[in-house]
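The two complexes that follow have chain A in common; it is paired with chain B in the first and with chain C in the second.
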Partner chain A sequence: MKPVIIIALNDTLISVKERATFLTGLLMPVLMMVLLGVAQGGNDGATITIDVIDEDGSKLSTQFVDLLTDEMQGEQDAFRVCAYHSDTAEDCDLPDDIADTPGDWRSTADDRLEKTDTYGAIIIEDGFGDHLRAGDTTTVTFKNSGNLSAPTLAQQKIDAAISRMSGSVAIANLTVGIAEETFAAFDPNSPERAAAFDSVLDSAETAWQDRPITVNSQSTKEQVSRSGFNQSGPGTTTMFVLMMALSAASILVYERKAGTLQRLYTLPIAKWQIITGKLLSCYLVSALQFIILIGVGMLMGVEWGDNIVGLALVILIFPLTSTALGLALATVARTSAQASSLQLLLGLTLAPLGGAWWPLEIVPDFMKTIGHISPIAWAMDALQEMMFYDGTVIDILPMLGVLLGMAAVFFAFGVWNFKYE
Partner chain B sequence: MPTSAAPIIEITNLKKHFNPPDGPLAVNKISMAIMAGEIFSLLGPNGAGKTTTINMMCGLLTPTEGDVIIAGHSVIKEPLAVKRALGVVPQELAIYPTLSARQNLVFFGKLYGLGGSELNKRVDEVLEFTGLTERAKDPIEEYSGGMKRRVNIGIGLLHRPQIVFLDEPTVAIDPQSRRNILDAVKELNAQGTTILYTTHYMEEAQELSDRVGIIDHGSIIALGTQDELMQQVGEQDTLVFCVPDVPDEFIDTLGAIQGVNKALHVDDEIRLLAKDGRTVLPDAIRLINEAGLSLQSVEVHEPTLEALFLHLTGRALRD
Partner chain C sequence: MLTKLLAIAWKDIYVTFRDRNALLYMFAMPVALSAIIGLAFGTDPDVSIDPIPVAVANQDAGTALPGGEQWNLGQIYESVFIPAEAADPGNTAAQVDELTDAERTDDPAQARDQVNDGDLAALIQIPADFTEQAFQGNSAAVSVYWDSGRSIGPSVVLSIVNSVTYGANTVLLAQQVGPAYLTQLGTELDQDQSAITQATGRVMDAAMSVAQDTPIRLEQVNLQGETRAGDALQYFAPSMAILFMTFTMAAGATTILDEQNGWTLQRIITTPTPRWLFMAGKLLGTYVTGVVQMIILVGLTSLVAALMGRETSVWGDNIAGIALLILAVSFAATSLGLVIAALSQTPSQASTYSTVALFLLGMLGGSFIPIENLPAALDWLPKITLNYWGIQGFFDLSYENAALSAISTNLVVLAVMGVVLFMISTWRFNRRLEI
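Moving on, here comes the complex of A and B:
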C-alpha cells in the first residue's frame, strides 16, 4: 500500500502546483456558481413580476386589482405586482410618470414582456365595472411570456381573485335584485340602487377577508427556499467535481505518452499499485475540491442542510464514481487531446442532463429518466433531498447506492479495458 | 572495468510480434549474453528493435516468445526481482517537469524502497554525480535539454542497481552534454555497474563498448568485441564523397569500379567501401567529373562499425 500512497501524494503535489488546477478547479466553478446563482435570483429566490393595467379605473376594477395583489403577494413574495395606475409599485422599474400616461400602458407592458422584464401583464379593459354592475360577464386579458411554470402559477392567482370578485359581485347583484323585485325598493338605474349594490359588495368583500374556510398547511419539514444559489451551488459543484475527477483520463493518457507511466512500470512495484495511486490522487483532489466549493457555497448563502453525515457521504462517494468514470475514459482515449475532448464532452453533457444547470423538475418525464444516467443527477437528488426536504442518511441511501453501483461498473470496465503496454 | 566471464543477462530466443499475424515483427528470436561488469552496446538504426528489446528486458513489454534471465531471475516469472536489479533510463524524458530535480529523485527513490537518511544521502550523491547539486531545487521545466537528460539518468541510478539500461541517452542534446553523459557512463561502469547501452551513433558505441551487438530489422546481425567485428569487415576503407544531386543510376557506375565492394547513396553523400581506398579514389573522382557533378569534398575513413553495418546491410546506420 505504501507505493500507492507515495504515488498519490506525488500526483496531488503536482496537481496543486499546477496553476490550471486552481483556475479550472476553483476559480471557474466559483464564477459559474455566482453567475448562475444571480441569474436565477441570488438568495432572494425568483420573483415573478406581473404588470397590471387598469384601463377601467372604476371602483370595481380597483377592488379587483387589490384582490389580485392580495392573492399574489400572499405567496411568500413570489410575485411582484406592478399596477400602472398606482404610485405605490415599488421595484417595478416603471417610468415615473406612468400613472399619468395611460395611452402608453399597453405598449410599455408589451415591451417589458418582450424584454422578459416581466412574466405577464393583466389588462382590465374599459367597461369592466359597468358590465359587472349590470350582471353581465366580462373578461380580463392575461398576456404572458410562456416562460417555464410562472404563467401557470400566475393564472391560478388570477383565477382565485376572479372567483372572489365574482362571488362578491354575484351576492351584490342577487341582493339588490331581490330588494328591487320583492320590495320595489328602488328604480333599476337609480343612484340608490348603485349605492345599495356598492354597500352589499363591500359587505361581501369584508366577509371574504375572513374566509369561512381556510387551509391549514402543515409540513413536518422546514422548507428551504429554492433560491438561485441553492440551485447553482450544488449544480456547479457537482459538475466541476465530475470534470476534475475525469481529468484522471487526461493524466493517465498524458503520462503514457510522456513515458512517466512506463518508467513507473520499470520500478519494482505492481502495476495495480501504480494505477491505484494515480486514481487515488484524482479522487483526493476532487474530494478536496468538493469540500472547498461547499465552503464557498456556504459563504454565498447556499443552505446545504443540517445532515453533516449525509453530506460527508456524498463528498466521499460522488468523486469516487467520477474518478471511476475517468479511468473508464482513459481506456478509450488514445491521445491526450482525445482524453481532454472526451472529458469536456462528458462533463458538458452529463451536467445539464443530470440537473446541474436547471432543476430536473422542469423537464419532461422522459428527460428526467434519461437524466438519471448521469451520476450528477443522483448526487443532485441526494443533495437536494438534504437541502430542501431535511433528508436523513436513510433518505439518501438509494442515491448513494446507485452512485456506488455506477462506480463499480466504471471501475470494472476500466480495469478490464486498460492497456498497460 | 574488467568484465567477468559469467553472464549477468542471458537472452534466449526473444521475440516480439505486435498484433500478429499482420502486425510488425519488431524483434525476431534474439539470443545473446551480457557479461557482468561490461559495457554492451546495442547498435542499430532507428526502428531496428533496440527499444523493443530493452522494453522486454525490463518488463515493460511481454515477449511473444523467449525469456530473459537477469541476475538469476526470469523477467517473465519474477519481474519484480528483475526490476530490483535494474536501473532503467528510458529514451523519453520520463520525469515530472513541474517538480524540481530533488523532488523527482526523492519520489522515485521512495518507490525504489529507499527511505530516511539513506534516501537523502543517495539523492545528494546522484545530484553530485549528475552535476545538478546547484540547481537541485529549481523546477525541471527551467532546465536545459542536457540537464533534463542528466536527471533522467540519475533516477535510474538511485538504488545502486547492478545493471543499468540506457536507451539512447544522448538523443537531441548538445555536444558538451553528450560528452558529460558518456563520461558518466564510463565512471558508472568503473564503479562496477554492468551497462546495456543502445544507440544509433557509431562513435558512441566505439568509444564506450567492451562488446557490441549490431541489430537490424529485429535481428542481431553481428556480435562481438570491436576487434572481432572489424575482422568481419576486413581491412576496408570507406570513401565519402560529398556530391549534391546525384542520380541513383550513377551509384551503379561507381560500384563497378575495380576494387569497390559496395556503393551507397546517402543524402548528398556517396559512400564507397573498398579494400584500398587510395587506389579507387582517382577513378571515382574522374567519373564524378565526367558526369558533370559537383564534387565538394572527399574523405577516406579507416574501418569502423559504420563500415561494418554498411558491409552487412548495404545501408548506412542513419537510414
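Moving on, here comes the complex of A and C:
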C-alpha cells in the first residue's frame, strides 16, 4: 500500500502546485459561483427596475401607478419603479427633464430596454381613465426585451396591481350603473356621475386597505431559498469537482503516450499500484477541491445544512464516482487530446443534465429521468435534501448508494478495459 | 503572394476539419448542449413544468346570510384547484388544473409534513370560520405553507391563491361599498326607500359578477411591440455556438505556438515569406474556420429545433443580418484567440489560459445562463465580452425580427473589438516572430 500512497501524495503535491489547477479548479468555479449566484438573485435578490409611462395622466392612471408602486415596493426592495412623469426613485438614472418631455418617453424606454437598464416598461396609454369610467375594457402594455431569466415575481406584482384596480373599477361601475337604472333623479350625463364613480372608487380603495381576506404565506425555511447562491453553489461545485476528477482520463492517457507510465513500470512495484496511486491523486485533489468550494460557498451564504456527517459522505463519495468515470474514460480515449475533448464534453453535458445549471424541478419529467444518468443529479439530490429538508444520513443513503453503484460500474469497466501499455 | 496566403490558411483549415477531436468540441458539444436545453425547456415560449403537487385543506364550515343563503368561500378555493368536473379547455380552471396536481386533505398536519419533506410544493389551508369572519368584515386568512426547496412551483401556487383572493375580496367589497354608497346617494337624491332597497339588493345580487369583470387587461409585447415570446433555443443556440466557436478560434491561434515549438515557424520564416504574410495566413485560416463552424452550427441547431417541433427558425429570417453577425463575431473571436496565444509562452499555457478566459467571458457574456439581473454596479460587465454582443444580436434578429439597422451597434462593437484585439496581438507577436 505504501507505494500507492507515495505515488498519490507525490502526484497530488505536483497537481496542487500547478497554476493550471488553481485557475481551472478554484478560480473558475469561484467566479462562476459568484456570477451565477448574483445573476440568479444572490442572497437578498437583485433590485429589478420597472419603468412606468403614464401617457394618460388622469386621476385613474395616477391611482394605478400608485398601486403598482405600492405592490412592487411594498414589502422589500426587490423592485425599483421609475415613473417618467414624476421620478421618485433616486437611482433610476433617467434624464433630469424626463417629466417635461412626454414626447420622448417611449423612445427613452426603448433605449433603456435595449441597453438592459430596465427590465420592462409599463405603458398606460392615453384614454385609460376615460375607458374605465365608461365601463369599457382597456389595455395596459408591458414591454420587455424577451428576458428569459427575469423572475416571475415582476409579472405577479403587475397582475396584483391590475387585479386590485380592476376590482375597484368594477365595483364603481356596478354601483353607478345600478344608480343610473334605479334612481330616476340620477342623470347619467351629469357631472354627478363622474363624482359618484370617483366616490365609490375611493371608498373601494379605502376598503382594500382592510380587505376581508388576506393570504398568509409561510415557507418551510424562511432563511433558505432555492435561488441565488443556494442554486449556484452546489451546482458549480459538483460540476467542477466532476471535471477535475475526469482529468484522470487525460493524465493517464498522456502519461501512457509520453512514456512516463512505462518508465514507472520499470520500478519494483506492481502496475496496478502505479495506476491506483495516480487515480488516488485525482480523487484526493477533487475531494480537496470539493471541501474548499464548500467553504467558499459558506462565505457567500450558501446554506449547506447542519448534517456534517452527510456532507462529509457526499464529499467522499461523489469524487470517487467522478474519478471512476475518469478511469473509464481513459480506457476509451486514444490520445490525451481526445481524452481532454471527451472530458469537456462529458463535464459540460452531465452538468446541465444533472441540474447544476438550473433546478431539475423546472424541466419535464422525462428530462429529470434522463438527468439522473449524471452523477451530478444524485449529488445535487443529496445536497438539496440536507439543505432544504434537514435530510439525515439515512435520507441521503439512496443517493449515496447510487453514486457508489455508479463508481463500482465505472471502476469495473475501467479495470476490465484498461491497457497498461 | 496570394497563393502563399491561401496555402497557409488552407493548411490550417484542412488540419482542423480533419481532426476528430476538434470536430467534437466544434460541433458535437454545442449541438448536444443546445439539444439538452431545447429538451429541458421545450421549443414553446411557455416553460413546461410537471404539475405542481398541492394539498388543499378546506375546513371552512361556511355561513348562512340573513336571507338564509349559504356561502362557503373556502369552496371557491377548493374548486379552483380541484374542479368538480372537467373544465373547458382554455379557461382559467382548466389552466390551473393543468398546472397543478391538487389533492383534498382532511389532515393538514400530515400535509404540512409532506411539504417539509419536499413531497408537496404547498399546502393551502382554509380555517373553519373563514367565510364567517370574511362576511363579518374581520380579517379571514388563507394560509399557504410552501416548500422553500422548490424554485417555481410555490410561486405559481401563490399566484393562483392571490388571484382567487382578489376576486373574492372584490365580491365582498362590492357588497360592502356598493349598498352603503347607494343608500347615501338615494337619500341625497330623495329617492323612496323601496328604490334604495331595490338598488342595494341588485348590488348584492350582481356582486358575484364583478369578480369576473376585468376592465384592465395586460398585454405583453417585445421591443417591436409584437406579442411574441422567446424560447430557450432562440437564446441558447447562438450562445452555445459562439462559446464553442471562441474555443476553436483560441485553438487555431495556438497553432502559431505549436509551429514555433515544432520549429516549423522558424523554417517558414527562412523562406522568402514575409512574417506579416504568415500571420495573415494564420489569421485567415482561423477566421474562415470560425465562420464555417458558425454556418454549420446554424444549420445543425436549426435541424435540432425542427426535430423538436419548432416551426420557425431559431435564428430568424434576416439572412443578411445573420451573415454579417457571423462575420463580425468570428473576427472578434479570432482576434481574441490571437491575444491569448500572444500572451502565452507555451501551447499548454495557452490551452489553460484560453479555457479560463473563454469560460469566464462566456459566463459573463451570458453563454451559460442569461445575465440580465446583475446589480446596477455590475451591469457593464457582460458588455465587455464579444459573447454578449453576439448573443444579443442573434437574439434580436430571431426574437425581435430586427432589421440590420437594429443590430448595427452589435456589428460595430464586435468589429472594434476585433480590430483592437488584433492590434494588441500583432504588437505582442512581433517580438515572438523574431528568431
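Note that the second predicted complex is superposed on the first by the 302 of 421 C-alpha atoms of A that agree within 3 Å, B and C clash if a C-alpha of one lies under 4 Å from a C-alpha of the other, contacts with A are read in each partner's own complex, and residues count from 1 in each chain.
In this text, a contact is a pair of C-beta atoms (placed from the backbone, for glycine too) under 8 Å apart; a residue touches a chain by one contact, two chains touch by 3 or more.
Small disclaimer: the values here were computed from a predicted structure and weren't measured.
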Based on the superposed arrangement, let me know which partner A:I14 touches: chain B (first), chain C (second), both, or neither?
first
Between chain B (first) and chain C (second), which does A:L264 come into contact with in this model arrangement: first, second, both, or neither?
first
Is A:I308 in contact with chain B, with chain C, with both, or with neither (first, second, both, neither)?
neither
Classify the contacts of A:P3 with the two partner chains as first (chain B alone), second (chain C alone), both, or neither.
first
Of chain B and chain C, the chain that contacts the larger number of chain A residues
C
Hey, what residues of chain A end up touching chain B and chain C alike?
none
Residue set of chain C touching chain A in the complex reads 20-22, 24-25, 28-29, 32-33, 36-37, 39-42, 47-50, 73, 115-118, 133-135, 137-156, 158-159, 161-163, 165-170, 172-174, 176-178, 180-182, 185-186, 189-191, 195, 198-199, 202-203, 206-207, 209-211, 213-223, 225, 229-230, 232, 235, 348, 352-353, 355-356, 359-360, 363-364, 368-376, 378-379, 395, 399-400
Could you pull out which chain A residues touch chain B in their complex?
3, 6-7, 10, 13-14, 17-18, 258-260, 262-270, 421
Chain A residues within the chain C interface of the complex
19-20, 23-24, 27-28, 31-32, 35-36, 38-42, 46-49, 64, 91, 93, 110, 113-114, 116-117, 119, 131-132, 135-153, 156, 158-160, 162-171, 173-175, 178-179, 182-186, 196, 199-200, 203-204, 207-208, 210-222, 224-227, 231, 335, 337-338, 340-342, 344-345, 348-349, 352-353, 357-359, 361-365, 367-368, 370, 384-385, 387-389
Using the touch definition from the top, list the residues of chain B that touch chain A in their complex.
55, 58-62, 80-81, 83-84, 86, 88, 90-96, 98-99, 103, 107-108, 110-113, 155
